[in-house]
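Take a look at the structure set out below.
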Amino acid sequence: MANDSSFSHFNVTFPVANVAHVEINRPKKLNAFNKEMWLEYGTIFKQLSSDSSTRAIILSGAGERAFTAGLDLMSSGELTNAHDTVDAARKATALRRFIKDFQDAIGSAESCEKPVICVLHGISYGLAIDIATCADIRICASDTKFAVKEVDIGIAADIGTLSRLPKIVGSLSWVKEIAFTARVFGADEAFRQGFVSSVQPTKAEAIEEGLRLATLIAEKSPLGVQGTKSLINYSIDHTIQDGLEYTRVWNACALQAPDPAIAIQATMQKKKANFAKL
Amino acid sequence: MANDSSFSHFNVTFPVANVAHVEINRPKKLNAFNKEMWLEYGTIFKQLSSDSSTRAIILSGAGERAFTAGLDLMSSGELTNAHDTVDAARKATALRRFIKDFQDAIGSAESCEKPVICVLHGISYGLAIDIATCADIRICASDTKFAVKEVDIGIAADIGTLSRLPKIVGSLSWVKEIAFTARVFGADEAFRQGFVSSVQPTKAEAIEEGLRLATLIAEKSPLGVQGTKSLINYSIDHTIQDGLEYTRVWNACALQAPDPAIAIQATMQKKKANFAKL
Amino acid sequence: MANDSSFSHFNVTFPVANVAHVEINRPKKLNAFNKEMWLEYGTIFKQLSSDSSTRAIILSGAGERAFTAGLDLMSSGELTNAHDTVDAARKATALRRFIKDFQDAIGSAESCEKPVICVLHGISYGLAIDIATCADIRICASDTKFAVKEVDIGIAADIGTLSRLPKIVGSLSWVKEIAFTARVFGADEAFRQGFVSSVQPTKAEAIEEGLRLATLIAEKSPLGVQGTKSLINYSIDHTIQDGLEYTRVWNACALQAPDPAIAIQATMQKKKANFAKL
Amino acid sequence: MANDSSFSHFNVTFPVANVAHVEINRPKKLNAFNKEMWLEYGTIFKQLSSDSSTRAIILSGAGERAFTAGLDLMSSGELTNAHDTVDAARKATALRRFIKDFQDAIGSAESCEKPVICVLHGISYGLAIDIATCADIRICASDTKFAVKEVDIGIAADIGTLSRLPKIVGSLSWVKEIAFTARVFGADEAFRQGFVSSVQPTKAEAIEEGLRLATLIAEKSPLGVQGTKSLINYSIDHTIQDGLEYTRVWNACALQAPDPAIAIQATMQKKKANFAKL
Amino acid sequence: MANDSSFSHFNVTFPVANVAHVEINRPKKLNAFNKEMWLEYGTIFKQLSSDSSTRAIILSGAGERAFTAGLDLMSSGELTNAHDTVDAARKATALRRFIKDFQDAIGSAESCEKPVICVLHGISYGLAIDIATCADIRICASDTKFAVKEVDIGIAADIGTLSRLPKIVGSLSWVKEIAFTARVFGADEAFRQGFVSSVQPTKAEAIEEGLRLATLIAEKSPLGVQGTKSLINYSIDHTIQDGLEYTRVWNACALQAPDPAIAIQATMQKKKANFAKL
Amino acid sequence: MANDSSFSHFNVTFPVANVAHVEINRPKKLNAFNKEMWLEYGTIFKQLSSDSSTRAIILSGAGERAFTAGLDLMSSGELTNAHDTVDAARKATALRRFIKDFQDAIGSAESCEKPVICVLHGISYGLAIDIATCADIRICASDTKFAVKEVDIGIAADIGTLSRLPKIVGSLSWVKEIAFTARVFGADEAFRQGFVSSVQPTKAEAIEEGLRLATLIAEKSPLGVQGTKSLINYSIDHTIQDGLEYTRVWNACALQAPDPAIAIQATMQKKKANFAKL
């Protein structure tokens, strides 16, 4: 992939070798998502997943005010009204299919083979949290305002926040508190609770830090890095013994690559290593 | 349910609309539990679970000295002695049934459909931790003294602490340290480790904060809040994909309620929303 | 077991009653592990697991510079080169068997019935993290430099770090950051993230603190302590309901021991309790 | 327990030492179940589970025409109509609670510690299959007509058939065929597919065979038999390794009973063994 | 969907109201699959899954000689040769992506919401078994020759046979025997082992029986039938308790449809019921 | 390995190229197992697992009367008596360790990488079933008398029968019937229930059939066969999606072997293929 301007609501650029930058680009609407957008979002991450020249991805939102304000309620309203004449069970079938497509699109960053660094700033409500929990690494600007906002519109979050949040931070008491109350929390609290792994003073600096991390990761062996993502994601949902078994089947092949030899030699020669695409 | 004075060892009141307050009321014995008490405790939470006028629950202990000092050893001694003439395997059968009933009673706060906020203070040993780990949100007064006390009486905790604690805080090293040593730890450590999500200067202020949270939660759509509890609890014990699947089956029905429309309209009109019972 | 000098690369001593001290003893090579060493390591923990006079174990590294610098790359190189003439699938079979033996050896501290306290200092890279994640409690000296180093040699860690780390600390964002970047992190960060449960100024003080903890644990009922380890380890990989069921089958027998009575009497008499071996 | 005539719709008798016979007794209505009946059913099996003089249970239906024709649609209609004024999500909450109570009642034969032998005859539709799948052993008379009847009333079976049937017979193609078509199948087909383990010419002979099996089982060590039920039920829902681990924790206590010595001595002396209650 | 002739290698027709017939149509090549075909196959079942006028699907192969002879080795050879210059680990990455796409396409019949009846005849080797194991119901002509053929080309089956076969028939000894030896087995053996649920004399009669079943199923409430498929598939991979919980969340909504009332009324009036689309 | 006469109670021979025959050799005691024997048994299968010249294994019992009569009660009695002076919990710890070693030894045929064909004849009681359930394929002589004998000595089977039997045959009703009653069943019933996959008239013919199967399997690619065993065993204990994921990681490497090309070429040339060791 090269810089790609074919997407309606996203900028996809390659600011550094092997690093993709996906920018949510609907700043006038606080980067709120309509259906067309999340379908496009899914397409982008599915493409990057097997794009051999991409080794790390940063994800951010255009404009100063918001990473994303969440779901565009204007555009989603149509769904719940569309089927007024049918019964509750048939409506439920339509809704279930709709939610699955939505979950699959947003989950594409998690199943993407390449590491995804999510850089949050400003308003980061509702769907912002669903999106962020699918990323591998989360960092944010100090002005970020987070909220698991769904209970404030009378629903339980259903695009992934409630399934993933208890597995990516340590304090279940805190998870439930923010999910039951929908209260806004800031960057410092997000850091203290382990939701983000660093806070930068401004959005610009957060993007810079995201790029620095992505560049550092992109210089490593892509086999080592992508294997690491696969194995950690597998381990979250399996027993330790299962994780160990899967790991040895995976690495029994991965260890046959030239990358370890290249990496060790580069270290000895104090040069940058040059790894084949993946 | 209305204020209910029919319980021997608990006060159940409704200090605020849709908020129940369950108070352990055996302060002379430091709120230590005998069998009659934990049976009553289970009954209360089972009733509140489907009580349509309850939307949030706070749980606390009467008196200044203790949330609860744990199991009343005087009353539990009878069990282990009762079956002296039978063999080890038959004693084990009796004990297994006994522990199951005990676990079921204490676990009733976890399976209760309504959010439970546990407010701890003073002595909070042994069973206090089992009870607290079943609650959704934990807050405490600054004088709280916590201990996973069971190894000090020569046993492994068996009413839930060891099954739940590794899933509700982040540091397994810390969990094992406090469980192996039975050492007392204070409110600040409990907060730093994510066991509680806030510390208040006094018991009174902790109760007040608990009530503030409960009131805030009770004003939200009960469908949104109770769905959130169900989905988080499901997700803790399932894979992410399982969590997502269960979520869409759940929400395919929940989204058909009028609550989202009521919530959005109330927000626009800057009024309090008024949701139907659940 | 008594003090045992029959091991080539480890000192196994009993500095306090019922406390074993396993010291990695290859300081000239920064305690780097070759195959002979990790086989020996596995043997030691398997022996201690059922040694009835051991009730707690501390693990540390000899010398001032390193807990361990990880795998001795000199000695491991032979493996990947050994099978040059066979195809990728047959090499993979050999590697899978090799990794399983390696995982089993390092995992022996986790499956060891007795609590293991890992005391880290200085360089603690790569295999050091695999080893530490298998221990129950981790403490360190302030000079410790940690790194999940494997991506820097072009591979994904495969001896347990990626399977265990997400389950023993709270922030998955942090886990992925350190695993993708291989960056070095210090004692304070390790403490803040819950990887270690205390930091001591020097290696000597860290060993002292490890011994203090081990001694404290060794004075408790070994049934209570070892049951606690078993039940927590079971619970990490099972649902809460499964954990509760396993717990009651376990304790239905354990509660028949004289240890509770001994413990309670000792407390009343303010004496040290004296428990039978296990 | 002694013969108990306090139940409205069931006869509970003890035709042989340590053998209980639970008979569904509403033959005029083809033993169809209303809510009062399944609540009573749950109560009976919960009592028998810990009744120390019961070692095996047979379950059958009174009258010649039916084991049970299933749910009494007259009595269940009220439920779905009761909440007409509330929204789909609130109705769903009420239904979910209702189904859970129903599932718990019918599932009581599965969680009952004592073996349950279900003897089917005549019409055995719908709920009959839910009930039978919870039993341990199924036998039937040659006139039995089985049907997973629920799709014929426009619903998916929800009291357990769909969750248990795929785990208790071998052919998933057959399970889906009978569940999708609701077609009636006979005793021979049920035997060939492994749903029942024997077919007897008449109802009377089937009851006799059930009693013969129950008597045989009741003469064995209740520790051996009830342990066997526990361990098989655990194994169905766990991995083999989990099953083995649970088994050794279970038997480590069970093996300490005098039952093995009593059993072996009785065999040598060619006498009946006499085991203590459980 | 109407009759659709836009597919290159499949005929998709609607011979009966609400019944789709998918016919593999490459008889000159014994219906062997190349990549273009299995992609098309996946597309068809994904479309039918949400096609509201389809309530049951039969799947068969054109021509007299084969359901399918399996993978077209000519077309698949290209894959393994394509990446000759890269290392084993990078080849593995390409292969892993390729197998996933293949598995997803073939698995589409399993995840299809509508019941799929697979009608086998003649040569049914290799991929034929992968395909058949994804269907809900399997029936066959008496001339069918089955084989899990993969070991005869030196590989382990990887498109689903080994993951699904142990869960859809009863005898693991038989599963392993046919998988290790690749021996051909006939219709009678397939029936006796529960792999198919009926055998018809000829292909024509098998198609007729498939249509009869599909028609019967299509006349039932689609909510009842599709719910039944969902709940059985869920239950195969979850514990009984999980199955029961998922079932009640599912049915709490499904029971609100008019279908039960329509079904009961039709039965009373001895008319065909007329259910709304799904 | 070559023919090996170093074992005390087993004959290990290689009657055909790449086929090992393990014969239980204590016919005077009806091949009953004492501790020394099952330790030796475990050692043999662990060695064969990675023996590159073994591609299939048959297991049988010497003498005409018994495959094995099970555990040698004379030798096992010592265990339960040995620890008379300690309490129930400490006895349980000793027993738990003992059972684990026993389970590990018997389970070695399941974890053995090579297919194991168990040939049963004559008395096959108790431990015989534990052993047989660990094998991949079971065949028997027509004189075989099977029994899950453990309840007759007052215990629940604990070496694997209860964990594996429900997963290797289809009828749970039958499994529970034979496990609760300890009744003897014959070869025909074992075949009908899918426990064995063929019955031969005599022991000699059963051995011959076992050798024929083993020889057939040993002529296939060992990568294909051993991969098939690994993948089926994995799938039994995991969800279908997990099975598919593991399969693709496994085969992504296995498909790179020359075996498929060798197999296809041999088929075309109608010669026997010659595969490299594994």
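We just call them A, B, C, D, E and F in the order they show up, numbering each chain from 1.
Methods note: contacts are C-beta pairs under 8 Å (C-beta built on N, C-alpha and C of every residue); 3 or more make two chains touch, one makes a residue touch a chain.
Note that the structure is predicted; figures quoted are calculated from it, not measured.
Peer 1: Have a look at D-E, C-F or E-F and name the one that copies the B-D interface, over half of its contact pairs being the same.
Peer 2: C-F
Peer 1: I want to compare two interfaces, E-F and A-F. Which one has more contacting C-beta pairs?
Peer 2: Of the two interfaces, E-F and A-F, more C-beta pairs touch across E-F.
Peer 1: With chain centres taken as the means of their Cα atoms, state the distance from subunit D to subunit F in Å.
Peer 2: It comes to 33 Å between the two C-alpha centres.
Peer 1: Could you give the separation in Å between the centres of subunit B and subunit E, each centre being the mean of its C-alpha atoms?
Peer 2: A distance of 47 Å separates the two centres.
Peer 1: Could you say which residues in subunit B touch two or more other chains, in rising order?
Peer 2: Residue numbers touching two or more other chains: 88, 91-93, 167, 169-171, 193-194, 223, 236, 241, 249-250, 252-257, 259.
Peer 1: Tell me, which parts of subunit D touch subunit B in their complex?
Peer 2: Contacts found on subunit D: 50, 86-90, 92-93, 97, 223, 226, 253-259, 276-278.
Peer 1: Which positions of subunit C touch subunit D when the two form their complex?
Peer 2: 238, 242, 246, 249-250, 252-253
Peer 1: In their complex, what parts of subunit C are in touch with subunit B?
Peer 2: Touching subunit B from subunit C are residues 115, 136-138, 167-171, 193-197, 213, 216-217, 220-221, 223-225, 227-232, 235-236, 239-241, 243-244, 247-257, 259-264, 267, 273, 275.
Peer 1: Under the touch definition given earlier, write down the residues of subunit B that touch subunit C in their complex.
Peer 2: So the residues of subunit B touching subunit C come out as 73, 80, 88, 91-93, 95-96, 99-100, 103, 107, 110, 150-158, 160, 162-167, 169-177, 179-183, 193-194, 236-237.
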